[in-house]
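Paired with subunit B in one complex and with subunit C in the other, subunit A is shared by the two complexes that follow.
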Partner chain A sequence: MANAPSEEVAIVAYAQTPCYRAYPEAEPKMIMSLVNQILDEVKIDRHSIDFTMAASCDYLSGLPFAFVQNVDGYGAWPPVYESHVEMDGAWALFEGWVRLQMGDIDTCLVVGSGKSSPGTPREIFPLQMNPYYGAPLGIDPVSLAGLQAAALVDAGKATEEDFAQVVSRSRRDALDNPFAQVKKDVSVEDLLKEPYFAQPLREHDLPPITDGASAVLIARADKARELCDKPIWIKGIDHRMESNNPALRDLTDSVSSRIAAESLGIDGASFDLAELCVRYSPEEVVLRQSLGLSDDCTINKSGGPLCGHPVMATGLARVAEVARQIREGQGQRGLAHAASGAALQQNLLCVLEGGA
Partner chain B sequence: MARQQCAVIGIGQTKYYKKLDVSLDGLVRWAAQNALDDAGLEWDDVDAIVLGKAPDALEGVMMPELSLADGLGAIGKPIHRVHTAGSVGASTAISAALLVESGIYDTVLTVTYEKQSEGNATWALGGGRSGSQGAGGSFAPWIRNYITKTDAPEHIGWKVAVKDRLNALRNPNAHLQLHDISIEKVKESPMLWDPLRFLESCPSSDGAAALVLTNKAGVERSGRPAAWVIAHQKRTEFTMFPGRDTVMVKAGVDCAAALYKEAGITNPRKQIDCAEIYVPFSWYEPMWLEGHLITEEGDGWKMTDEGATEINGDFPVNMSGGVLSSNPIGASGMIRCLEAANQVRGTAGEYQVDGAKVAMGHAYGGAANYFAMWLVASEPSPSF
Partner chain C sequence: MSLKTTTYTLEYPYTRTTGPVVGRFLTNLRDGKLIGVRTGGKVICPPVEWDPETNKTIEDPDYVEVGPGGTVKTATWISQPTRKHPFQEPFAFALIELDGCDTPLLHAVQASGPDAVKPGTRVKAQYREERTNAITDVYFVLEADATDQYIEPGPGEVEMTEHLISIDFEEIMAPQRLRFIEGLKQGKFIGGKSPVSGKVYIPSKGYDHIERVPMDESHEVEVQQTGTVCAYTIITPVQYYGQEETEPYIRCSILLDGSDQVLGQQDIRDIPVDEFRAGMRVKAIWKSEAERDTSEIDNRWGGTGACLERWEPIDEPDVPFEKFSEHVF
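Up next is the complex of A and B:
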């Protein structure tokens, strides 16, 4: 079981790069631009940040120890108190938030970054499956998303039209998001005319290959109020894992999201807005049901990962988006969701609220 | 709420070996099961899991927390993956301790591993490019710089190589069991990266290590010997820049200074009873004795030469045989942390330092620019 947090911690500032189709320069440069943006906004010096958490993936860069270079992006001279997760930046946020619970330090800079464009994701991502009887088959998140979609259709929980509606709405919403890569006003009818890619999914049900980074600065209560006018409070973070073997899972449900929500004691109907890590359109159908989100809850106003999926930053970008939407007055209480692995194998929930 | 007290109540290791005939799932579960057995706990008692290893490319498994989740009993639980280069084993132990100290979780299982036989570490250590100089090639010029700066005699490296291998003979888990190790053998072994000879270098090992960490209530419930985590620190600096001191590395100096301050230690050589320090190449013993403020600059090699770091010396180092005797890279830092815990729990067997009450576990990585250290003690709040 997880216990309740003892320290109030808030997001003070957030930043994200555009969701580039291919960023031509090095990953640390993306990171540096975000860190500088945040430092400028809160008007503090790099050296006054107590702790730094980074997140990236060697396999995306095609370079063992690639993350070591990213240190150049967030600055490490004089030496810094820092750590790194080989996970989405949302898990770096989790560790930073945990660290601040100890009450002895005030601030943590969290960065997630990744460049998918130099590699061939469909060859790399099968390596997330069991190396003996999963990876050799070449099963990857795309093929598993197809199986998840088929399972939803077979169970009568969704139709191909439902998936197209998710895509149509997301792409239309993305027209207002300067960071989105894919944006278009396109009807469900037109989407359904496209050929299958991983039946019953079409190419638009998949996320675009994306390079990008996101960052947030979090702080304990007093420091958060000192650094900004509108802290966005982190009310809780919980994350849960499911089996790597898809045959052992009900792909039409997100059991781990539900466990995380129960652990946080949250009622899905209480959220004004949510940013869900919908990398494949059927995932929205699954998450809406498992989290019990109400019809009034605005989901993925940014367009979500279907319009830009900077792997290793996508989940943290959801957190940044919810914080932005609350700060800009689009709601008071929001849910950010991050996912890792194929067909929502691992899920993280972060509850955010506005207010002094 | 203030920081919760956190202690190691379970330690698990596989045997370390050149090639273990076991799956990756089997490898991590072997260490994890041993740690749970040692703690007297069941898989259901674990609230969260923290996994660590060095690059995914070594075994060709991307983000292995996904495929190892089943083997680690992580279904329906939080599992979190740390990667900080060679320091990762110690970094992972520290990240796991945070989960308990924060009060968010009561009992945490942490596991680290490497199966070097699945890949080619020297290729990976060169960033996956051809013609890699390997770790020894990176460190050799800095070791030469240390020798030049301190006028250390050449035999210091040989002595460390012999001492750690003799210690390994007391540790049934150690990979290298070199019964005929001697100064002559080390001295005559092939030169790999001047001044480092073959026998002054760590082996390539398969293996996994695990810890069960819990809070005060968990310690009381378990009734098992506890190693209290009294301080931990991590520091990172840039890999290279003009004027960087690669001998007295500032991140290492800062990390150690912060660690001692946190624990209330003013004289580490006297107040710490023994240390497990990441020494993958012999010369790093004297270099880190200085670089982590255990002795004065220029005096580290004298400590080695005088026998102070031997198991019956006044500051024993790497009683278990150290990285020079077993190096499953991702686990090596955690092995340092758990061997420090073994010492203060009194569970170190044949390599137990008599009366050890405070011990240091340490790891470094990257271009000697990542540091992670912890101090464990037989009491939750020792005074110095």
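Up next is the complex of A and C:
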């Protein structure tokens, strides 16, 4: 692999909160429950964690310096060595992985968390668009997903039935996921009877509004073997980004995820399972094609983000899910994908494998 | 059971310099024209500062007037617009290839329904009566619905653009915070006592952040009405957006007797600035029960709302710094 690590790093433990429609208490309490769960499972004291990587966004719940309060959840006293990204937790994982490549520390705790419930995501997300040409128009992720869907249909690359199939399968799979927020056995036929929301998308093609957090503990090889019986190895991790102007992109393709896959030297057909950050059903159509996943690959067995979308934790939850599925014997090699920005503007891929 | 919620509006008035390229585009919009920039053999609207293929600065930009007509490439019908959208009734967001352009512009089209805006549909630019030097000065309608407009050019070049960001939040009041508020209404300060260390935090966050354990109603205790000033600052109000204060005032933190965490953001108005000091002993003087107002207390900030008349100095020796030094921040 082009980006093969010099230091082997593995996931030692993972944890997720349920996907809450509205978590009634403060975000740090949600984080604390996950961190304590991981520490209990691995049987280490939090002071033996070398580095903490956090991911959250103050704008989501409208609380300036919320990311500082969140440190309560990781454990702030005595002071800890930590860093923060205003990105999904999967990018915090990337930074943690890079930090472990330096070889001087062994462990890194990675947490992504967010409460979307206090705000109106469709009014908050336009603020990440170009401040002159995009944000004043209030262009929101739902509208952009609508444009992406329309572009796919117009180009003959997908149909509304394809979108409904993604939703039907995801919501049915979510029936087995205790963390999922939206779960239902519903047929494609019934889904297609629903009215449009952002034509050609219907409301069920959109993710729910979710509060939640996810966390993983990663470690260098020797430490990973010491801390757990079944380390889940990070065989490669890469992320790439496209233009912030959606009008200058081909919305029917995902150039950045393809480049990330190429740089990792991965063959899409080699995966037993994948968890893709499909927040809008057309994104699965685009990603299947750009990543070259085979029909045998199990995609989003958890139900994926269509069944629970804790913004800032959604991507890291994909990593946690793949690690869980491999550890529980559902496959040997898995792909976790995280996305950020408008209509799959930015994509991260993480290849995970079981084995001693 | 319906949960008690609190609402909150976050507002920032952004004023941004435009730079020469965006400024030129917004100046033209104000004056009723659309321009693009030629780069790498393509015309792009709105104009960009860098070539999107090579990322190189576009030197000596060649601006080209484009539109006002254009062709829809892709469209989605927005049946439930947000308050931040250009139209409050259903409309289309579309990728519009303006006449003379090689790439589309993402903008809004006003039309009667989804079937009216499809790939190939011809649209035309229309300008808002009141223009604000922003991308929203223009919008699009079906070519057949367009009217001729006379746009009076404005004075000078657009160099600044304003964007008021205003977002509303509504969240569930945390249960321990509601009990803290209930205490204030009854003239009591309620804190949470850690089941591990025995330290008392006020108001309770619903967890002990040092020992890392959750806490609930069973851990709550009343603390005393007297305390020690640990730190203070004299604030001279700067007249920023949203500022309501005009005269200098003191904000201090007070460590109530029987607690291990200061009560922050306490307002001091009637102790002269030159008599105020850290280490000073004070006691809470409450407003009458009917006058106590907790409406400003939310999950986010500390404070005691408008429940206290004042903090009154008490006739006791000052507490030496060493006794409260760990509470100064």
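Here is the rule we use: the second predicted complex is superposed on the first by the 353 of 356 C-alpha atoms of A that agree within 3 Å, B and C clash if a C-alpha of one lies under 4 Å from a C-alpha of the other, contacts with A are read in each partner's own complex, and residues count from 1 in each chain.
Everything below uses one rule, namely that a contact is a pair of C-beta atoms (placed from the backbone, for glycine too) under 8 Å apart; a residue touches a chain by one contact, two chains touch by 3 or more.
Note that the coordinates shown come from a computational prediction; the quantities given were computed from them, not determined experimentally.
> Is A:H84 touching anything from subunit B or subunit C once the two structures are fitted on A? First, second, both or neither.
first
> Using the superposition on chain A described above, determine whether A:M102 touches subunit B (first), subunit C (second), both, or neither.
So A:M102 only meets subunit B here.
> So in the superposed three-chain picture, is A:G62 touching just subunit B, just subunit C, both, or none of them (first/second/both/neither)?
Both partners, subunit B and subunit C.
> Mind working out whether A:E8 is in touch with subunit B, subunit C, both or neither, as first, second, both or neither?
A:E8: touches no partner chain.
> Touch check for A:Q128: first (subunit B), second (subunit C), both, or neither?
Only subunit B; A:Q128 stays clear of subunit C.
> Please indicate which partner A:A76 is in contact with in the superposed arrangement: first for subunit B, second for subunit C, both, or neither.
Both subunit B and subunit C are touched by A:A76.
> Now for A:N245: first (subunit B), second (subunit C), both, or neither, which partner does it touch?
After superposing on A, A:N245 lies in contact with both subunit B and subunit C.
> Contact-wise, after the overlay, does A:P28 reach subunit B, subunit C, both or neither (first, second, both, neither)?
Touch status of A:P28: second partner only.
> So which bits of subunit A does subunit B touch that subunit C touches too?
In the superposed arrangement, which is not itself an observed complex, subunit A uses residues 59, 62-63, 72, 76-77, 124, 127, 131-132, 134-135, 243, 245, 248 for both subunit B and subunit C.
> Within their complex, state which residues of subunit A touch subunit C.
Residues in contact with subunit C: 22, 24-26, 28-29, 32-33, 35-36, 46, 59, 61-63, 72, 75-77, 115, 117-120, 122-124, 126-127, 131-140, 143, 146-147, 149-151, 154, 195-201, 243, 245-248, 251.
> Give every residue of subunit C touching subunit A within the complex, in rising order.
The contact residues of subunit C facing subunit A are 3, 8, 10, 14, 16, 18, 22, 26, 44, 46, 48, 52, 74-80, 82-86, 93-95, 103-108, 114, 119, 134-136, 161, 163, 165, 167-172, 174-175, 205-207, 209-210, 212, 214, 299-300.
> Going by the contact rule set out above, which residues of subunit B touch subunit A in the complex?
1-3, 23-25, 47-48, 54-63, 65-70, 74-85, 91, 94-95, 98-99, 101-106, 124-125, 127-128, 233-239, 241, 250-251, 254-255, 258, 366-367, 369-370
> Going by the contact rule set out above, which residues of subunit A touch subunit B in the complex?
Residues in contact with subunit B: 1-3, 5-7, 57-59, 62-69, 71-72, 76-87, 91, 94-95, 98-99, 101-104, 124-125, 127-132, 134-135, 238-245, 248, 255-256, 259, 340-341, 345-346.
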